[in-house]
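Common to both upcoming complexes is subunit A, partnered first by subunit B, then by subunit C.
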Partner chain A sequence: MKPQGRALRAAVLILLMGGFVLPILAGFGQTAGAAFGYLPVLGADSLSLEPWRALFALPGMATSLRLTLVTGIGSTLLALVLAAGFCAFAHGRMTASGMARLLTPFLAAPHAALAIGLAFLLAPSGWIARLVSPWATGWDRPPDLATVNDQWGMALILGLLIKEVPFLLLVMGSALGQLPLRQHLAAGRALGYARGVTWVKVILPQVYPLIRLPIFVTLAFALSVVDMAIILGPSNPPTLSVATTRWFSAPDIALILPASAAALLQIGLVLGAVGLWICAERILRRVGLWWLRRGGRGHPTEPGLWLASTATATLMAMGLAALCALLLWSFAWRWSYPDALPQSWSTKFWLSPGKGWGEALKTTLLLGLASTALSLTLAIAWLEGEDQAGTPRAGWATALIYLPLLTPQLGFLYGLNVVFLQIGISGGMGAVIWAQMLFVFPYVMIALSDPWRALDPRQIRAAASLGASPARRLFAVKLPMLLRPLLTAAAIGFAVSVAQYLPTLFMGAGRIATLTTEAVTLSSGSDRRITGTYATLQAALPFLAYGVAFLIPAILYRNRRGLLGTPT
Partner chain B sequence: MRPLVIAALSLGLASPALADWQATLDAARGQTVYWNAWGGDARTNAFIEWVGEQTEARYGVKVEQVKLTDTADAVTRVIAEKAAGQTSGGSVDMIWINGPNFRSMKEQGLLHGPFATDLPNAKYLDLSPGSSASVDFTTPVEGYESAWRLARFVFTYDSARTPEPPLTMAAFVDWAAANPGRLTHPAVSNFMGSTFLKQALIELTPDPSVLQGPATDENFDAATAPVWAWYDALRPNLWRQGETFPENQSVQQQMLNDGEVDFGVSFDPASAAGAIAEGLLPETARVFVPEGGSIGNISFVAIPFNAANREGAEVVANFLLEPATQAHQQNIEVLGSFSVLDPAKLNAEEAAIFAALPSSPALPALEDLGPTLLEPDASWMTRLTEAWAERYTK
Partner chain C sequence: MSLNLTQIAVTPKAGRPLFAPLTLVISPGQVATVMGPSGIGKSTLLDAIGGHLAQGFSVSGQAVLNGQDLLTLPAEARRVGVLFQDALLFPHLSVGDNLAFGLAQSVTGRARKEAVDQALEQAGLAGFAARDPATLSGGQRARAALMRALLAKPLALLLDEPFSRLDADLRAEIRRFVFDHVRAQNIPALMVTHDASDADAAGGPVVTL
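And now, the complex of A and B:
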């Protein structure tokens, strides 16, 4: 390892250990202590299993667990199948940039906003029902049907799918860029395999290892989501994460102990589900090999692809309709059942930014820009350190990056808040930026790693042979060539920052009001018109960021086609 | 001579307090009070903003509302601060609080006080023992929180759609049988949901006086048996057969507006009038209370033990008790929540401000609301919620 590379890597590593891993572990330690009966402030100072006993004695616990597993694993599995099907279908029918444009609104729209819109779309008194009532259905009053908050968690799964399928499509798209796809498809065709079969038998097994970690992130997220589960999931009992949040904030503060146990259980669930998933992978690999070797050429996968694509298209249409509904509500005054459109309109909510959305917008922008800029700098330092040292990334380093995404937020945020308070930085912008970076940095890193490695090494060698120092090579060659992926990574980071709810709430001591915290708070007051205003802004900001990420390179490099870098 | 002596004596006794108050005012100048209050109601948020403008102009005290989704979030934050050993400079200056949250904070020693009885405007309150401003859900206030608004449990409904609402809690059973799927209540983990049950408890229990003492293993089953019989009869005809419930009263109000159910619940008698003005309910929305009255309580503000801006918080708490502030708050165009002041303690000029307030057809007269029923001891709510969850959460 070369010396300068070592210094840079050491610096980045120390920063990550001190800034990311330690706080998470410390927060986790606090939570774990409370889960085993140690929380001196409540007079609980001896280790015991009492919180666990109390947790499992809480009514509806078994149902909560089952519900969490079904919605979490079910939505991830379905999302994977749908994304794979759609990917196979759309490949060759759609350009990469066309695909990116299609996915952007879904990646940009925060979960809470989408959920609020979707709840309105699907409810028995919702938009769909209003469009067909009473003339077609005869419902002059909304029917008593469980279309949202159903006890099986269907609406929640649907909501999760609308966010997860586009995310998986995005990572699949970038993984496909690393494979010699055309040759594989041609070879498959020449051997007489149907298009769908080639995808399932040849391409997917190669793509899967590349998207495995993002799938685990999706799984961990789906198992621990709070805001979406409150809005779309059942309430009696709710999913484990919602129940845990409720216990953390119950008037009976002794419930913090079982709540901490539940937060640990949440981590256990994620670990268990990932373990289960890995077992399933092993079995599938055996069965799959046998199936591959049988060499069947059959056609029956084609209808499957159609089905998956139609389902994906329907999901996207519903997502778009949900966002449109929010926009419409933000301009409505009265809009009651069964009118298909508002009876009266108002711009009151848009024209009074005052202390409302104006301040929140400013704070959101500031937090997003700061946490994104810092994360991007850190990511560049990490990647450059790897380049200079000339060593590939170790497995533990990847695990480090993914740690915050794989750990349920509830598992360490309460404890982390206590730690931040002890060092006296809670409640300020600094603490919130720090907490947001825990989640922004991993996404920036994931988005940037592949394009960074795909950079043609000959260019850098050429620069080096012309006498350019490592710093000059970085700033004059690498970064300009990577402008587009850098901006894309920044846009993703910004979108992640905008969507953060729990970290902003906990670390900001509730004083830092962003569009997301306000939108979720207001959705508890359930005035769809104000919520619509906030949610529209909340979805628009990341959308703008993606737009900027597309536009800047297009303008700067309008006469340098090679740098516009459409991935092959 | 004697009255003069007494006057002089009382002046002598009063002046240290007044001097203290001047010191509080001086210390408060320039402070920003972080008022932690549930943020789900746009009118309340606007009122708090108005309070901040007033106190800044008069006393140089700014108010920033920390909008909570649940009051317990602020309690949790104070606990976390105490866990971290932060005994001063805390992030929560003032909390909108009552009932179980107040009880647990007071019991855990998380509150600053007593301060409320020393506020100059406390003279407008009826603080005699047992009055609603001195007992919060049967927990003695003892100066650890200061009153600011009155809450009365009411049902909201659309008079065009439901011309004759049921008149008692018991009558809801027949009404729901005739209109299946049109009645619900907020989730019982939410305080409005538990209030719905408590209202039924007070009406149905054989001896309501038991409820003013703590719930015990001995008295709980006998006192609540009629409630469960009533609820078992009601539940099959609730919205979604009583398997899921709206998260809180605002969600339920939206369902009333959407026509998914026929009743909303609220702790604010002016809620229908207010919601009509905001465009959130149809013009024909009204409120009613069951015959025999409904549960009432007072919302308070409390100051955590480690509040960074304690003096500022006291100034704001005092400002909230000004007759002019209470009248502004009672104005239907502002907040519409009834004053906590004792009308007998207002002078003619102050009473006139209240008399001049505008009215609305959806606003009930005080006499339509019937008598105020006292909140049961807080232990009843805890046990009732737990028992409900055990029975109906599968």
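And now, the complex of A and C:
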């Protein structure tokens, strides 16, 4: 390893260990201690199983557990099937850039905003009911139906699907790019296999290993999501993650110990679900091979693809309608049931930022810009360190990047806040930025790694042979050439920051209000017009960031054809 | 100043040297040619001399230029220019800025623009300074790349199959252009190629790995 690379890598490693791994471990340690009755801040200093007994004695615990498993595993499984079906259907019918354009709104929209919009859409008093009433349904008042917050968690699964299917489509798309797809499809079809069955038997088994980690991220997320579950999930009893959040923030501090046990249980659930998933993979592999060896040509698979694609298209349409519903309500003034559109419009809420959204917007922007800038700097330092040292990324480093995405936030955030309290930074902007970076940095790193490595190393050698120092090679050659992926990574990081709920809630100690925390709080039953304003703003920020990331290179490099290729 | 290669050998981390140790003296203005089958490590030899060796390879021997052993210096301090198969003009810079990137920092102020313009003119690219490199033809790109390399005032030049992507007519023309400049600058050049006609045109010593 070259000495220069070593110094940079050591600096990055120390920062990551001190800034990321240690806090997560410390937070987890605090949580685990509290789960077994050890939390000196509360005067609890003896190890016992009492918190667990208290946890399982809490009302609705069994239902919460069941709900979490059904919604978490169910949505991930469904999302995978739908995404695979849609991918097979859309391939060859859609260009890669067309697909990217289609997916961007769903990837950019924060979970909370989408969930609120979906609630506006699906509720008995929502837009869909208004559109079909009273002429089709006869309703002249909202029916007594639980279409949102239903006790089975259907609305929550739907909301998760709208976010997860596009995410899986994105990772499948980039995995497919690494395969000789056309040839394999041709080979399969030349052997008499129908298009659909070639996908299932030939392409998917090759794609699956490449998207396994993102699937686990999806699974972990779906099992532990809080904001979306508050807005769309059942409320009494709610999913385990929502219940845990409630217990952590309850006025009764005696609930903190069982809440910690629940947080630990959450980690156990994720580990268990991933274990279960891996077992299912093994079984499916055997069954699949048996099925493959029988050599069935499977002509009737086409209807399955159509079904999956129609379902996916419906999901996307609902997602877009949900975002429209947000906008609609934010401009509504009088809108009595069951009119399809408001009777009168108003810009009252938009013109009064002093009522709260102005401050929340400022805080959100500040948090987003700071955490994104820091994460991007760190990611560049890491990648440049790899380049200078000339060594490829080790497996443990990849694991390190994915760690915060695979661990349920609840599992360590409350404990981390206890640590932050002890060092006296809890409740400040710094603490929230730090906590958000735990989730912003991994996404920035993942988004930037592939384009960074795809840079032609000969271009860098050419610069070196012209006498350019490593610093000049970085700033005058690499970074300008990577402007588009750098800005895309920044936009993704910013979107992740804007969407953060729990880190802001816990680390901000209730003193820091962002668009997200406000929107989630307002979503339970207050004025839809105000909620709509917050949620629209929350959804608009990531879109804006993506827009900027698209426009800046397009303008700067309008005369640089070599850099206007397909977005990476 | 000549380029003196003594017992140069490149060895992968776990394995035997790629080729028998190479000893070669290239005098100023001369173009030496290295030939050999694909995969023997011709390009790796150039990487070793230029300082661009990938991780996992080690080089032994000596490459002395201007009284200094190159192998101990970082790539940017060797003053060894490289021409690749592709021109590798930086896509984010205009043609003129690509040349200015190579131009030695000792040239300052108005002289920089003049040097760039003069180089463009020599390459038959007068008036191309503001152009997007992606809009240049293959031959124009190859000439611009040579000019960029020469503006850095290299003490030696490495040619990594720089003509192989060009079609036959253009190939002879660009080859002559490059070799003429090597002679005019009076620097040693080392070329790697598959094509015997390149070696004939170079006229210097030929080594087969």
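Just so we're on the same page, the second predicted complex is superposed on the first by the 554 of 568 C-alpha atoms of A that agree within 3 Å, B and C clash if a C-alpha of one lies under 4 Å from a C-alpha of the other, contacts with A are read in each partner's own complex, and residues count from 1 in each chain.
Assume a residue touches a chain if its C-beta (ideal position, glycine included) is under 8 Å from a C-beta of that chain, and two chains touch if they have at least 3 such contacts.
The structure presented is a predicted model; accordingly, all values stated were derived computationally and were not measured.
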Partner chain in contact with A:R6 - subunit B first, subunit C second, else both or neither: neither
If touched residues of subunit A are counted for subunit B and for subunit C, the larger one: B
Touching partner for A:A468 - first (subunit B), second (subunit C), both, neither: second
Partner chain in contact with A:F248 - subunit B first, subunit C second, else both or neither: first
Which of subunit B and subunit C A:E518 touches, first, second, both or neither: first
Which superposed partner A:R53 touches (first subunit B, second subunit C, both, neither): neither
Partner chain in contact with A:R297 - subunit B first, subunit C second, else both or neither: neither
Shared contact residues on subunit A - subunit B and subunit C: none
Subunit C residues within the subunit A interface of the complex: 47, 50-52, 54-55, 74-82, 84, 86, 88, 90-94, 101-102, 104, 132-135, 148-149, 152, 154, 158
Subunit A to subunit C touching residues, read off their complex: 1, 389-391, 456, 458-459, 461-470, 473, 476-477, 480-481, 483, 557, 559-563
Subunit A-touching residues of subunit B, taken from the complex the two chains share: 34, 36, 39-42, 49, 64, 66-77, 79-86, 91-92, 99-101, 104, 108, 180-182, 187, 189, 191, 239-240, 243-248, 250-251, 253-255, 257-260, 278-280, 282, 382, 389-390, 392-394
Interfacial residue positions of subunit A with respect to subunit B in the complex: 39-42, 58-60, 63, 123-125, 141-142, 144, 146, 149-151, 230, 234-237, 246, 248-253, 256, 333-334, 336-337, 344, 346, 355, 414, 417-419, 421-422, 424, 426-427, 505, 509-511, 513, 517-518, 520-522, 524-530
